[in-house]
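In the two assemblies presented below, chain A is common to both, partnered first by chain B and then by chain C.
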Partner chain A sequence: MSEPGPKQDFRYPLHWRLMDGVERLADIVWPRSMARHTGWLFIAPALLLVGLLVLGLVQIADSSLRVLDTATFLPSEDWSLTNYEKALGTKVYLTVAWRSVSAAALTTVLTLILAFAYAYALVRVRKAWIRKALLITLFLPFFIGQVVRAYGWLIILGNSGMVNEALGLIGVAPMRLLFNYGAVIFGLVQYMLPFAVLLLVPALTAIPEETETAAGSLGASWPRIFWHVLLPMAKPGLIGAGLVVFTLTLTDFAVPAMLGGGSQDFIANAIYDQFFRTADQGLGAALALMLVAAGSILVGLVFMVFGAGTLAMGGRK
Partner chain B sequence: MSGVQQPAAVVAEGVDMDFGTGAAMAVKDAGFALGRGRFLTILGPSGSGKTTLLRMIAGFQTPTRGQILIGGKPADAVAPHRRSVGMVFQKLALFPHMTVAQNVAFPLKMRRFNPAEIAGRVERYLELVRLGGFGARRIHELSGGQQQRVAIARALVFEPELLLLDEPLAALDRKLREEMQLEFRRIQKELGVTTINVTHDQREALVVSDEIIVMDQGQIQQHAAPAEMYRRPANPFVAHFIGVSSFLKGRRSAAGIEVNGIDCAGQAVADLAPGVACLGAIRAEQIRIAPAGAPLPGCDTVVQGQVTDIVFEGERLLCFVTLPALAAEVQIYHHDPAGLDQLAKGASVSVGWTAGDLLIFAADKG
Partner chain C sequence: MTNMLYRPNRRALLRGTAAAGAAALMGTLPGRLMAQDAPAKPAEIIVRAWGGSWVEALKKGVSDPFTAATGIQVRHDLTEDNEIQPKVWAAVAQGRVPPIHINWDTTTNATKSALRGVTEDLSDLSNLAGTTDLAKPVGLDGYPIVNTYGYVYVLAYRPEAFPDGAPTSWKAMLDPKFRGRIALYNDGIGFHFPAQVAGGGKLEDIPANMQAAWDFIAQVKEQQPLLGEDPDFTAWFQNGEIDLACTISTNAREAKKNGVDLAWTVPEEGAKFDTDGLWIPKGLPENELYWAKEYINFAISKDAQQVWCDGLGLPGVVPGLTPPADLVDDPSYPDTPEEMSHLIRISTKVQVENESEWFGKFKEIMQG
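And now, the complex of A and B:
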């Protein structure tokens, strides 16, 4: 005798039952009546993180207002703007600030030029194996830390490094390739290139190849297609990539420290010195806050001028 | 091709395109001549090589063999941006970062027209495509049909010798597509610009063109005027691709074609020896249908059949009828606006046709 309907020994698959259990648990912990507030639940971890950052900033702001007492090596009890006056009034810090900003600008321009060509090749190349090779070459540096890479450049560019050895073979006297402005810029561009390419690829993918073909058939030569069609259409990606490269470079520490050899300090190096060498926390904090302010103002300005949608690659404000 | 008195607008001579992928050639030995001011449609299923042929005329691809002449001059060595060819692309390829007027002005700027006359010319062409006053709009603010019109204006504004249309209507809904077909025709006649259109839509080809080329598997199947193409298809492929045709397999007989032992009246398109395998093709609107036993006056062949399905298409019925005597099924358009004939699924019917309407081809093609 067989009964109609589901068999007695039927059981749902294990992962179904597990999901049912999770759902039941979720109903108890976060009942349906709370559904309106689920959005808050999702951003809670992020809010926590940002909150901690803000707390840290408040702490730094506090110590930036206290002057180091050189007799006791303790910060003063009362607040003053002495540290800021010192930071803005000392020629060394202005030199360092100018060096950071100008290097960031130069690195951004050079990186964008190289990254645009690379990203364009990556997007438009027809042979799959070439695209794969370009992608692997792009991601490889991410597996090697910044310090290790800078160290690699020390070996390659050093006084008895590979480059100078090779130059020696053709009779060129060894040159000082390291510990100067050029070496720092070189290292920074090399470090920033993959970031810029990764940010440019989606922007270039969004430009249909047919648009370029159309511009050609309408009478535009290659340089004109680049200038009138490609560049304006890639603008959101270029701004996003430029912003990332600029801020990362402006705050960089390892490359100027290692390839600059102490002669090419950026703001971050100056801050490090205040915290860990001269132990003047107040001055270091003031410098750090000024760096945060400069970066924030720049990002704010870019968003105001070009719209906050810039980084979203949508092409619309 | 040597007998052309004045240089034709476009001539293709023995054009091959082999992408070298190991697959069949995209275009094989394509040759045609197109007179000035004519509207040609290249019609074919996807993968037939029609777009490749168009792209070679535009200069985006170079033929592996043969040559293309535009205005009597070989075009192969001329880069696309130096050819006097306007093209409307399948996805339109408008510039989203420019206004409508800037889009239309683009070819004028690139081709170094006198800056003083650019604005006036842009407005004139926007009016031609009925977009007067839309110059300041952004592309994404326009509807699909309006974007089409911008693309047409942009392709025509520099007065090219040749206008190429690469299936620009394929993505539109039917109503808009039919409206734009008539619009293409009107603009083409108004300017008299030589035009080559590529499509897989046979209706579009018949509606807009002065001449049609049907392509299949990289080869030109037929080059003729629309009415001629429709009435006198050169081979079964063309008969099948344009219009709705039914096919009968058989052998050549004196009266026409012998199908399953029954002699059917028909007309051969070429000399075919008696007894060779051949294929009869007849259009759905050329077969007549009546209730079984009712007379079909004027028909040369009448056979009995049974309705297997009826599709109501509004202005007409599409009847699927099996003909057991011929071991075949045919499709028949039947006009019966008042619904008097009471044709129904399963009904026994008589069908018939005149000898001139059943076209007989050699059976090796298609």
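And now, the complex of A and C:
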């Protein structure tokens, strides 16, 4: 038997021709000899974006070294550290800085506790409709946006809001639930919860249920399973979620502005005031850089001590 | 009883007002505006404005009649005055065309822009001749800004909380029953000067010694005040969150028009009086600059002022304006020397030079 020869009437499909054309074009634009640099080509847009951000930071750094002259409302020609001295030497900035950091820490802890329970339920629940309901409940407010959500809390928790009206039904006089530190933390935790759950779910999904069953079969109670099995195995997710929640909270503007009643400012609010209220862009820039530095140092410390968690993408640190 | 009268609908009212304004504008426009050699008209001019009743009043009194007379559309940009400022400054510094043609601004903010050198000179506006001294910015050469009306930071209150009559002093804020139920602007604007008097200090000591103001503000802080912006006050009054607030009379009047049970007063210590104005940023094409100037020129004509300031409930800068019926003899509409004597007016220069420090001090007390 002879081998069947190529069919003479075979027609090269059109999409193959198109693909050949694309390949030839790609060879012209990005020759095969450049193949080892292809990875850089893909990362170039992201690098360009980061480069623009760095450029912006350089300009902000330049502004931060120039002092506003209130006779001309122009920045000084010379550089000085006056804005930094003012930022570090003025009580109000230290107060709002401390409030930002402590609120970020508290929000992170509370959010992680709630998010862990929610994510665990999401991962382990057997009924699909319950999982869907949990997802919808989680993400519906997520799509609404921070400002509208904060405004919603103003309506719900206000003196004439739903909560106070409900309390009124059982004879409790209206009470101030808004415009204090607690309201800000509440708003932040509610805002951050979906972020944390999103980052925790992959970590918890990666923990086989059989591991818990095995621990249980060896006599471990659920609290011991939680402490010795679940928590250590979920650590990468907890660190990743914690870092995201902490940095987002540290730099938040809208929730303290809307739910704080003007007396619970974070550092972002103080920066806004300098840029837009007093036109002192130099001081605003100094505060902004100090916030970037503080956030970076804190995140760097967490990286050093605990690693980057899921943010390390499989790397050790 | 006004509800008993025939009230045209809003559209008809606007049409009528615009037509009347246009006719008035034709009468007040200088010959050069109507001249054949007037520069080419832009399709639109952009005026930065405050929203709500503020922009409604401007539209009705100035923008619509201007459009009717010239065919130039007026777009109102509702970006906050503080937020447009750095954008305009950056545009001028970079030699770009600024994002707006006219900035409706507080005189204090506008003065900062004038000192920075980003404002056009408006000295050649023909209607300036018919204005009062209030139109002239104090301490600046020429007219880099034209002030267009004055306003008062009144003590607004819920009458229900004051069954014995209006509060007579800013010290009413210290009454324990109002703990958590008072409101101030979040930078304290409008409150620093009456606080100086209420705290036992003298206005002559501003800015050198304002300890009395800071002491009084520290006492107010113990009352856990809410701090916010104009829209917050209306919402807080409406939702029953507050009983007392230091706010611009226009906001209080608007809230009352919207059905909020509200009244206002000028306490015995006095209340801050200040001005707003219009200015044009540098860098506009010549023809657009010309028409932007014509807009401001019309805004300070008697007809435009009457309608615009009626809407705002504020005294304008043209003599002989008729106060709105609801504000006759109202202390928030000062139109006599006697009424002005109860108000506190500090020079713009002092405010511009010290505002940042005052805001910082106020924040320090309130954030502590």
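List of remarks:
Quick note on the criterion: the second predicted complex is superposed on the first by the 291 of 317 C-alpha atoms of A that agree within 3 Å, B and C clash if a C-alpha of one lies under 4 Å from a C-alpha of the other, contacts with A are read in each partner's own complex, and residues count from 1 in each chain.
FYI, a residue touches a chain if its C-beta (ideal position, glycine included) is under 8 Å from a C-beta of that chain, and two chains touch if they have at least 3 such contacts.
Everything quoted here is computed from the prediction, not taken from an experiment.
Annotation: superposed three-chain arrangement on chain A; chain B versus chain C shows no clash, the two fitting side by side.
By the touch criterion stated above, A:Arg277 is placed in contact with chain C alone, chain B being left untouched. Residue by residue along chain A, chain B and chain C are tallied for touches, and C comes out ahead. Shared-chain residue A:Ser80: touches no atom of chain B or chain C.
In the superposition on chain A, A:Thr137 makes contact with neither chain B nor chain C.
Look at A:Leu218: by the touch rule set out above, it reaches chain B but stays clear of chain C.
Looking at the shared chain after the overlay, A:Glu210 reaches chain B, while chain C stays out of its contact range. Legend: residue contacts after superposition of the two complexes on their common chain; A:His228 is shown touching chain B, with no touch to chain C.
After superposing the two complexes on chain A, the shortest C-alpha to C-alpha distance between chain B and chain C comes to 46 Å. Listed in rising order, the residues of chain A touching chain B in the complex are 208, 210-211, 213-221, 224, 228-229, 232-233, 235, 315.
Of all the residues in chain A, the ones that touch chain C in their complex are 68, 70-74, 90-92, 95-96, 99, 154, 158-161, 174, 176, 178-179, 261-263, 265, 270, 273, 275-281.
Residues 58-60, 79-83, 85-87, 89-91, 93, 95-97, 106-107, 110-111, 154-155, 158 of chain B touch chain A in their complex.
Looking at the complex, you find that chain C touches chain A at residues 80, 82-83, 85-86, 112-113, 115-117, 180, 186-187, 224-228, 235, 239-241, 352-353, 355-356, 359-360, 363-364, 366-368.
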